[in-house]
Structure formats: structure tokens, C-alpha cells
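Data block below; observations after.
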Amino acid sequence: MTALFSISFRATLGAATLAFLLPAIAAAQETIVHGADEEPATLDPAEVEPGEGGESVIFHVYDRLLTVGAESSDLVPALATEIPSVENGLISEDGLTYTFPLRQGITFHDESPFTADDVKFSWDRVIALELPGSGYEILSERVAETRVVDDYTFEVTLNDVDASFLYSAVLSMTASIVSQEAVEAAGAEGDGESNGLLSDNMIGTGPYTFESWNRTENMTLRVNPSYWGTAAFDDVRLEFGLDPDVRVLGLRAGEFDTIETDPSYVADLEGADGVEIYAEGLLLEPLHIGFNMNVPEGALPEGDTIPEDFFKDVRIRQAFNHAFDYTAFVQGALAGFGEINPHYVPIGVFGYDPNAPVYGEQNLAEAERLFREAGVWDEGFTATVVVESGSLFEIQCLILKDSIEAMNPDMRINVLGVAEAVFDEAIASETVNYAMWAKNGDPAADPIDYLMTYAHPDGEWGEIHGFRDAYVNPDQIANLIDQIAVELDRDTRAGLVGEVQSLLYADPMWIIGAQEGAVTAYRDDIENMVLQPLWPRPSINFAILDKTGG
Amino acid sequence: MAISDNAIPMSARQVRLRRWTEIFRSLMTNPTTALGMIIIFLLLAMAIFAPWLSTPNTPDAYQMPRDWGATRMPPGTPNHPLGTTNQGGDVLYGVIWGSRTSLQMSLIVVSVTVVIGVAIGSIAGIVGGWIDETLMRIVDIFLSIPELIFALAVAAILGPSFTNIILSLCIVFWVKYARIMRAQIILIRQADYVQAARVMGDSRLNIFLRDILPNASTPIAVQATLDMGNIVLVGATLSFIGLSESGIAEWGVLVSEGQAGIASGRWWASTFPGLMIFLWALAFNLVGDGLRDALDPRTEGR
Amino acid sequence: MQIRDYIIRRLLILPLLIIGVSIVVFALTRIGGSPIGVYLSHEMNASEVAALEERFHLNEPLVVQYWYWAKGALSGDFGYSGVAAAPVSEVFWGKFAATMELSVFSALIAVWLGLKLGVFAGKRRNKWQDHLTRIVAVSGASLPLFWFGIVLLIVFWANLGWFPVGRSDADIWDSIAHPTGFYTLDGLLAGSIPAFLDALWHLVLPSITLGFGAVAIITRMMRSALVEELQQDYVDAARAKGLPERLVLNRHAKRNALVPTVTVIGLTIAFLMQGAIAAEIIFRWPGLGRWMADAVVRGDQATIMTYVLFTSVLFLFANLIVDIVYAKLDPRVRLGD
Amino acid sequence: MSAQDKPAAPVIADMQNLRVQFDSKRGKVHAVDGVSFQIRDGEMLGLVGETGCGKSVTGRSFLDLIPQPPATIAGGKVLFRPRVGALCPDCGGDGCAACGGTGSETLDLLKIPAARMREIRGARIAMIFQDPGKALNPTLTIGDQLAEIFLQHRSAALLDEAGITLEDTGWQASALRRMAHEEDNWLDRRMRKWPPLCSGAQRLSKAVADRVAAALAETQIPNPVRVMKAYPHELSGGMRQRVMIAQALACDPDLIIADEPTTALDVTIQARILDLIKTLQRKRRTSVLYISHDLSLVRRVCDRVAVMYAGRIAEIGTVAQVFSNPQHPYTQGLLDAVPRAGTRRGHLASIPGNVPELVNPKPGCRFADRCTHVMPQCTSADPVQTPVADGHQVACFLRHPREDATSPANEVAVS
């Protein structure tokens, strides 16, 4: 209804202005202005870094085979017409081959027709280019082979059975479908070099077409009138490079319709006139502080009195988890927008077990007991936690500092805030030279992604942090996680997840301060505002937003 | 008058005495300078008596005390007279202990840079020759990079921390003093009494210590006074851009952290510290300006 | 010494200084850490990191690294800016124009206000107006720009909504090209008055913020110069001829007082370059300053390098030109002695 | 008062008991402390004294060029009677006591409004400064600086020569009038480069240039046209002083204040400049107040001489009277000092002691503590001007009248 109204309204307005007024004003068709947090570094699905600003744009201009709707985290057909499952036979018995029937009669924004060749091309391209920093492993580590069955049927074979393939790979922005014709027309690609066309251009099938990008200023996306699905309502302009508080000011002033912001700001916007606040559900990016048990000899920063293997002692890891003031973090820093969920299967992810034991109550007595037992209470210690300065993560570190030092002034935590680049460099290398560091997890729809990355003894961080020598019983955990990876029966799988949760409570490798709430603030003339944590940050789908105001 | 025409050359001590008394007189007579001095006096008092004005935070007094139960409190809330920050930091505490931080910063930087500058300037001026040449070229290089930008670059490379800010300021600010010192030496060398002293066979060191150093002190004093203000200003700017550590009681940090609130009408968290930076810089600039005028023959009345 | 010789000598020293600056800064950037941090992410594996190090010659000794850098710089390649996600040389000129446009307008404000205040104070030497002016001027230099800017932002953008932030209104400008990069000019060239006004409109707040800071320098110089001039015999001589005060001041005192005031232009430029950083951050001005600020926070060393080098070159040339102009303006000066 | 040989010329300038004080950090300096003298039409009066005795201040007071603050005029009158201008209200121009026989009205230069003073400056009373190097604006050409004075005081004539008559109205004429009165605005300066203004403007500037050239030529400056284009620093000291003189004489004033016009020049040129001044003064019968510390110069060129010491007139009379028969011990000392070469300028080697502090001075003869004939009353009371011969007065107790304590001179001194 509102949609119809606003469309017809816009039509007449457009006609009138085109007929009589300045071009400048004619351009003033409804445009949603969004104050963005991070400007894309690249717009190329094969180059974009997971979690990086480019994803939020790729999300709108390209389609993937599947997507998730606004309402639930259930998969929804997109360029594919059906969701593969063992039941409907689109997943082979051995669980290795997936078949995707594709939509017909769709064209890319450059009018070239969409076929299975484009899908194959897009995926193969990502795997072939292996662009540094990109998420190519998402596909390359899983996909054994891609095949075009016919113009409108695409088939992929995996290396191993992978229960999270659809969520972890197919949904990822890296797996977006680009126009083969356009890319090939722009010149050859290969050995780690793209032809650059897609770095600052987007030719997709999505609800928005790419209009213009003035670096460090703004980017304009136009409604794609011939979209195969429900067409978007309003054009979008993303404004880049604003400080968080300036974005908030802009929203109050009505300069922006939507902004990317975090809980601490949203709290201030409550009651501001013309501003609505959306706060439902949680982001799937737990805020964590990692323990590193694999610090090279003598690599710890100046002033650290702890031994390199300080955190090998499970009691100390537990003590830290007990000591952390969770309430302060959620109530103080996140202003109540968030959940205390201190372990690595976030709420809203398949298999999350609400009954599994968690930390989440500050328990200084227990913490002191454990510290004394571990024999570090009396002489105390100084440990440094490295973090990106000026970030929410830094505040988490400050709370840890306050919590520990309040117990016993001899136990000191240094919060070392460093520039983003320095932090990334420190964390990117094979071995990390700090005993602790803080950041947040990468979002995923399936528990296995988290468990492999953050819990498995031989997983990404397991190797770097040396989980294997630190876990009381590494093999038990490893086996459980491996099972979860391949178990296709949902209930059994859920059970296994719950089991591993309890193990990880007894033997924590992270302090997880909280699960940040999915919150944003927007002008009240924007309708249908929904945040879907599974959509790339800021988790907004402009295509379903409707700006009714004049 | 006729008398001054055939005056006999004055001794170094006389010269000095006369200069300082002149300076002092004109400082006292100039209302703006007097204002500056009053503000400085108050700020210093605040810094010195900080522990009595608000009880130091344990274990580290230069860390903001964070009351996570009382974040974003407006001014006038019990035991937070100036309100609190987003992290429940007491703004008043920040303002008071910030004066100490600033005093530390400016004192350390000024004393370090003066020592370095004077040393290098003296070597260049006294030894002369190729050493002088090279040193002065280096000085030229440093002088051709605008202060703030240079400090910014250095601090960025050292990584964000309060100590690094101080370090970068030290690296940047010594140059002027070297310049001044050298110029003074070359200037004063020619003065009658120094010539006289040389004739009387004083050792170079003696002349330097007794005649040159004290006379060079006035222009250096001016520069130092001005820098006392500038340094806090530049330092605060660096912190604002994000090169300091959050959580410490430093005005620049507080302003940048307080920004978050301004958007939502929580003006106090950044306004008070910002005001302090302003007052600090203003006071020292006023006094420095006054000093300079007192020393600058051109602006002296006839 | 003759002016010509002096200037020639200066011109000869200039490149040496620039090289010196580049060495100093380069050494700093490399000692401080590797320039590749900004490209790294924990998605990368060791071989990728190694490849990057290869690309930046980090495995070579410092001298060699500098050689590579200098070679690149001479051929206009200043490296790749992680912040702008493009080669430095590509994005530089656009941002340069932005900063220059801002600086020019700020300078106009600063010069206009500075001279006015300077004369106002100089004429009333040691009267209360003089002291008041001094306080106003010194305030300009003592005001933390970042703070002052925020205050203006809140009042005039957020609350009153009189002035915008950013550099231009996307709707007005989407059809207008940027041949010069100076939006005011571009607007005029495109013959679009709304665009021109829009550009001006966006300039107001940042240039006030920046300009007010620079006022102090000019005011102070103009004041003392005027005070000095007013004590000259030829000012009395002019009076003795029966000239009205208006002419005595304008033709004999003010005019000559401008000459020494020229010498602070270099200082002013340096100040504007420095202030631009804060002003551009706050008003989201897409210029060199904000680029630098981002680069600093994100450790984008190619950008830091270029920016520092650029400002110092600008600074050096400004001072050289100032000397020349000074010599031209004042027939008396014989530089060097 | 009249000299017996020639009929007394009328008094055109009459200074009566001028008192000027300067504020200093140490107190009020009585720089000029009750100075009185008269300048007769066409005469050259020398005012001699040591550096800092207040003679320059006395001279500048004629042009109201004493900086206030720090100076304050504590009292006295500076009367002036322009040759041309309004007639004496009492006698209507026939000459009477009130106007000292000049027939023109009497102005008190310390009281007239600023606008009136500006009309007098440069036109009726001109000044030659001590150092031409300092008194010429370095950033303007000689031509420009001389032009100013004509544009200030001769606008009407210039317009006339440029062919713009009073009848001419309309914007062109008024634009040119603004130009001729130096009231032109930014727009005028642009527009006068183009028709229709340019022709008129050129005629005007031509007229100005002619007068400037003429004025320069009169001071025997070779190739005036070239000099007009030159900047002061491009000329020799002598040349500069000639320019100053040309500037002073430009509007043919009644009185010229020459403040040590040759001091800044080297000896060889001094003589020539001096002669130049003298001849021009004779030719035009201009009155000159010739301020100098150099008695020999004064003796050469002046008709009468006033000897000043520490802000007061010690002795005044014709050159013959003062030099042949000095009455005041100070004058005698000065005269002894004259022939001695190599003595520091403005300093009297022959007289022991120094010029006294002039801060809040006590009553008494200022010269007392250097005087060889000092008597008790010298340090208690101020000596008064006492006539010793016709037109020859001295302020010294040695020559003090016993009985007539109420002579007019007496009043002047004590009031």
C-alpha cells in the first residue's frame, strides 16, 4: 500500500519536475542517505575482505544463489530457485555434490543474460585469482569442482562433507555472481591480478545498480527497475568518512536517513524527535579477548612480568573469566544493548544451548581462589592486552583492567591501544607477541565456523595460540568439533554443539564480554527497518526500506 | 642625554641586571600579560595540589577512575560535580589531574628540548667550522617541516601512547633553541665586555658560562614560555587525532572521548577539558607575547 | 649581498633541504615499522605477507629501500595509499585542490581580519582596545581548533542548520564535472550558480574555524609593524606637509607596515596546513588533512611520507617567495647583511 | 621693541612661556619650561643648545607635532600671523598693536582646530627635518612625496591648470576634483586610466609634475625629472636634504622650522646646504627658525639667536650682541667650546658637569651646578629675563635688577 502510494507519488513528482524545474531539483527523487562507517577498499567480490566495508555494497548490487530473509535466519532462494537439501535430492547422498536450479530470463545490469556459466565463472574466478586478503579460502578450501549442467543448472562438488556449506560459503559476499561477459570484455585476468574492472565497478543482478563513487565522499546506488524480485523503493547514497558522533549529529539534523552506529550512541538518541530506534536481536560477532599460550621466548612487551606460558594454566584462564565485570560492559559500555553470552556459540546460531553453563556473573571470590591456587596472587603480575585504540574492544579491555586491578593492585593489566594497521600486523603474523588481544568474531550462520576458527585445537586460532598444549583434553574437543562439521542430522548436531559448549566453559580460551545487540537509529519517515545479523554490516537491506517523507 | 653618549662599557652583570629589571617592569605594567600570569598561577596551583583537590585513583593516579555504574552523568550529580564520561570517568578528576599531565608533558618536553637545543646551538656557535655547517643544515631540515605535522608523523610511527607523544614532541621542538643559541653566541661574541674579557685572557668556557649563557637566556626564556603553551596544544591535538591511550587523565583524550556525547547534548565531557587546554595555551601565549615585546627593541616606546 | 645572489643561493640549498626532509621522514617511517601493516589482515597467510614484503623491498637494507622509494618518487610514484585504496599519486591532486580551496578561503578571512585588527590595535597602542585585540588574537592561536570546530558544528549545523558539512551537495553536483577540483571554480565553469553557492556554503564553517586560528599571527605582526612605522620621522614629515590623518595612516604608515607583515605569510601557510588536519576531520572535508589523519591512525606510511614531504616543500617555497616579495616591496632591504 | 638701525619688521610668530612636559617611568620631564621668543617677518632666528635641551620640541610645537601622549602642553601660547589669509579683526589690515603691525589675524597654534592646523602645515609653516634619510618615505618616489604637498594645498590651481573650472559639474569633473584633493577612491584610480577620464587625469598629473620639477629645480637639483622618479635611498644625503628643502619651500610658506638641517650631512655638503637655505630665505623673505647645536653655523646664517639650556632660554639677542658680548655664563662657555675641533656633538667639553635631570626640577637656575659664578639665590629662585641692551635679554642673577621686581619680563618668567 505505502509502496504503491509512494511509487505513484514519485512518478507524478518526477514528471512535474522534469517538465518544469531545474535538473538539480529533478534529481531529488527519493534518496535514502546513509551515514556509513567504513568506506569500501574494493567493490570486487573476489577481492573484498570478509567483514570489510565493501561487502555492504556488494550485498545490494550483486545477488547470490541463496540469501536470508529479514524475518528469520532461514535460507531463501535467490538466483537459485530451490534450496538444496538431502530431502529434495539436490544434495547427493554422499553429501558432496550440490545442485542449483537457476532463475531464467534474468539479465545483469549491463543487459547481458544470466546463465549457469556466470555462476561457474564467478566462483572459479575467486578461486583462481587468490587475491591476498580476500575471502577466497571460503570457496577454495571447500570446492573441489564446479560444473555447468545446462544453461540454468549449476553443480558444485566439495572436498569433504560440510554441513555449513550453504550458510558459510554460498551466502558469503565472496560467492556473489558477477557478469562473465562484462569482466572478460575488460581484459585478461590471472596469477593474482584482476583486470581491475570490478574494483570500482559493479555489474550484478541485484536490486540496485551502481551509479557513482567519489572516493572519501559518497557512493550512489540507483533502483534497478527491472529487478527480478520486488524492486527497491528508493535510491541510496552512502556518505563516507564521518566520525561516529558526526553521523549521529547528521541523523538528528535530518541529513541522514539511516546511519551505522553502535549501542553507546543509540542510547543517546532515545527520544530525539524524528529519530526512531531499532533494537531487536543480536549481532553474531561476539566481543572477545583472546589468551595466547604460544608467545615466543622473550617476545612479550616491556613491563610484562608474566611468563610466556602464563595462560597455559587453565585456572588462570578461568580466573580471568570469573573476574571480568560483564554487567559493567553490557550496561555501561553497550548501554544495555547486548546480551551476556560468554562463550563461542552465539545466541541465534544453530545449536545454541541456553542451558549450557556460562560465566557472565562477576565472581571475584572464585577468581581470587583460582589466582591463589595458581600461585600468582601474592606476588601479582603485569600483563599487556593489545587492542585497536579508540574501539569498543578497547573499552572491554579497560573493564578487564578495572576488574583485575580492583581485586589486587599488584595484579596489573596494561591496555596497549595501537593503530588499526599495527594491530592487524601484530595479529596477522604466524605467532602473536602478546599474551592477550581483543577484537570481535566474524559473523557466521553456523556454529562450525565459530568452533573451527576459535575453539578447535588445530583451527585458525588454535594453531596460532597453541590451544593443543593448553587444553586439558584437546583431543576430546577436537573430535567433537570434527563430528559437528560432518553431522548432517540437525538434532544430533545440536546436541553435539551443546556438549562442546560445556567443555569450553570448563576450559575457556577467550573472555567473551558480550554479544553486541543489533541496534541502529533512523529517521521516522523510513519504513520497514529491519536488521538481519546475517546481512553484511550494517545489516541493513536498503531494498526493503521505503522513504515516505517529502 | 649627553651622559649616555660617553658611557663606559657596562659589565655583563650590569647588562643582565638592567635587561631583567626592564623586562619585569614592562611585564607588570602590561595588563594582558598580568592576566596571563594569574591564569598560569592558578593552573600550576591546581596541578600541584591535585592530590588534595581530588583523591588519586589507585593504582595509577593518571588513569581516569571509571565508575561503570554512573556513566554519562550530567554536571551537578553528587560526587561528580562536572558530570561523567561515557565510561563513567569523573570529568572533574580529569580536569584536575589533566593539569598535572599537561604540566608534566610541557615541563619534560621544554626542559629536554632546551637542553638539547642549547647544547647543539652552543657547539655550532663556539666550535664553528664544518661542524657548525652540518649541524645548522640539520636544523634547517627540521625547521622546514611544520611542527604539528612533524610531531604527528613521528607519533604515528612510534604508535599511540602518551609517552610516545612526549617523545615525538621532544624530537620536534629542540630545533628553535639551537637556532636561537647559535645566533646569540655569534651576536654576543662581538659585545664590548666579551671582547674585553677575551683580552683579559678568560678561557672560552669561562666566557661562555659567565657572559654568553646568561645573556642568551632571555630569548630562550621567551621561546620556552611560548612552547609551554604550544606543546600542550599540539599534544592535545595528537591525542585528539587518536595517538594517545584512552583512559588516561589527559585533556586532549577527554575531549576526543567526550565528542561522542556532544552529538547527544552531553557537552560537558569535552567542553571542560577543551576549555582547560584553551586557558593553558592562552595564558602562556599571553605571557610569552609580553616577554617578547619587552625584549623586542622595535616595539619598545621612545 | 645582492638579492639575486641570495635567492640563487637559496634555490641551490632548496633541493638539498627537500632531500634531507625525505631522508629524515623515510628513516622514521622505516624504523617505526613496516609500511605494509595497512594491507595486512588476519585473513592473510605467511606467504602472502612475504609477497607483500617482497613488493615493498622490506627484505633489503634501509639504504636500498630509500633508493627504491626515491626512484619511485622522482617518477611520480609515491607508493600505494592503503587509506585511499589507490596509488598516492592518483588521489593526491583531488585532495590537494580541496585543501587548497579551504586554505585560500581561510587565508582570506585571516588576512582581512588580521590586518583590520592589527591596524585597530596599532593605532591605539597600549590603550584598552589594544589589549583586548591582543587577547582576541592570541585566543585564536591558543584555541584548540578541533574543539572550536566541534562547537561551531553543533551550533550552526546540528542545531541551527544554517551551514552544511562536507564539501558539496551530491544532488546539486551529480551532473557537474570537476576540471579544476576547486568546487567554487568548477561551479562557475559549469555555469551553475546553485553549484557555486553550494560550494561557498560548504566552505563557510571550516574556513572560519581555520581562519580564526591564523588571525593571531597576522594581527600581531601588523600591529607591531604599524607601531614602529608610526614612530618614523617620515610619518611626522607627512603630517608636517598638512596631510589628513587618513592619508598619513594609509599611504605612509599602513603601506609600509604591510612590508614586514609579508614575512609571516610563510608562518601562516604552515599554520593553515597544520590546522587543516583538525578542521578537515571535523567538517569531513575530503582534503589532504583528513587523509593524513586517517593515514596516521591506520599507519598508512606511503601517505604520511608524501604528506610530510609535500607540506615541507610547500613551506620552503613559500618562505623563498616571501623573501623575494619582501625584497621587491622594500627598496631598502639588502638581504643577508 | 625695535632695533635702532632698520625699522622693526612685524612679528609673525610669538611664543609665550611655552611649557611642555613628558611622562616618563621616573616622572614628569619638564622638557620645555617657560620658553618665550618672537620671530620677525623675514628674519632667521637661531635656536642653539645642547642635545636634549628641548629645542626640537620647541620647534615642533609650531606644527603641533609633539606626540601627546606621552607629552602634555602644560601652558603657554604659540601665536602666529599668516601673511596671506584673514585680516586682523581689530584694524582690518592697516596694522595695529594687536596684530603687531602685520595686519593679519593672530592664531594660537596650540588652540586652533586640527583642520585649520592642516591648512597651515606645509602651506604657511613648513619643516625641514634633521635626517632627510629618515624623513623621506622609502617606499614612495620623490615625485610622489612632493606631489602630495601640492595636491593638499594647491588643488584649485592644479585643477585650473588642468582645465577644470568651477562651472564644470558632472561625474568626470568631480572625479578629477577628488583626484586633485587626494580624496579619490578605489574606483577612481581604476577609471582614470581609461577614457573619458584619462585625458583630464593626465593633464592634472602633468600640472602636478611641472610644479614638482620646478620646486626641485629651485634647490639646484640637477635633472629634476630623473630625481622625481627616484626612491630616497637612491639619492645622496645632500640630494635628499635638497629635496626636503624643496618640499618645505614648495608652497612658499611664511615660516620654516629647520631642525638641525645639516647635522646628518658630512661637513663638505653642510656648507652648500646652508648657503642654499640662506639664499632661498633671502630671496623669498621667509622667516626661519634655525635649530642647531652648532654656534658657528648659527653665527654664519642667523640674524638673531636664542641660547637654550635645559628647557629654558638663557640668553637672546642679535647675533652681534650675543657673540660679541655674551652675558650668560653658559653662553660664554659655549663660545669657548666652539673653535675646539673633535668635541663630541652637542656636548660641552669645556664646561665641567652634566645637564641636570629635568624630572620634577626644583626652582633655581638650571645651570647653577655647572656655573663658575654660582651664588646662593641661583639654587633657590628662578632667574628672570633681564634686558641688558636693546633686544638683548639674559636670564641670570648676575645681571638681575635689584629694584624693578615687576618688569613685564619678570612676570613672563615667573607666571
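A few points about this structure:
First chain written, first letter: the chains are A, B, C and D, and each begins at residue 1.
Definition applied: a residue touches a chain if its C-beta (ideal position, glycine included) is under 8 Å from a C-beta of that chain, and two chains touch if they have at least 3 such contacts.
Here the structure is a predicted model, which means the values were calculated and not measured.
Comparing per-chain C-alpha centres with the mean over every protein C-alpha atom, the closest match is chain C. Set against the C-alpha centre of subunit C, every other chain centre is closer than that of D.
Each chain gets one centre point, the mean of its Cα atoms, and the points for subunit A and subunit B are 47 Å apart.
Centre-to-centre spacing of subunit C and subunit D amounts to 52 Å, using the average Cα coordinate of each chain.
Separation between the centroids of subunit A and subunit D, computed from CA atoms only, is 91 Å.
Among all residues of subunit A, those that touch two or more other chains are 243, 246, 249, 252, 390, 419, 422. Under the contact definition stated at the top, the residues of subunit B that touch 2 or more other chains are 156, 159, 242, 256, 259, 262-263.
Interface of subunit A with subunit C (complex): residues 22-24, 27-28, 31, 39-42, 49-50, 132-135, 137, 212, 214-218, 220, 237, 239, 241-243, 246, 249-250, 252-253, 255, 390, 419-422, 424-425, 427-430. In the complex of the two chains, the subunit D residues touching subunit C come out as 60, 63, 65, 118-123, 126-127, 129-131, 134-140, 148-149, 152-153, 182, 231, 233-234, 247. The residues of subunit C lying in touch with subunit A in their complex are 33-34, 36-44, 46, 48-49, 51-52, 82, 84-86, 91, 95, 153-154, 157-158, 161, 164-168, 170-172, 174-175, 192, 194-195, 281-282, 284, 286, 290-291, 294, 296-300.
By the touch criterion stated above, subunit C contacts subunit B in their complex at residues 13, 16-17, 20-21, 24-25, 28-29, 31-33, 131, 134-135, 138-139, 141-147, 150, 154, 158, 220, 224, 227-228, 231, 270-271, 273-274, 277-278, 281, 292-293, 295-297, 299, 301, 304, 307-308, 311-312, 315-316. Partner subunit B is touched in their complex by these residues of subunit A: 243-246, 248-249, 252, 264-265, 267-269, 272, 325, 327-328, 331-333, 335, 389-390, 394-395, 398-399, 401-402, 405, 409, 412, 415-419, 422.
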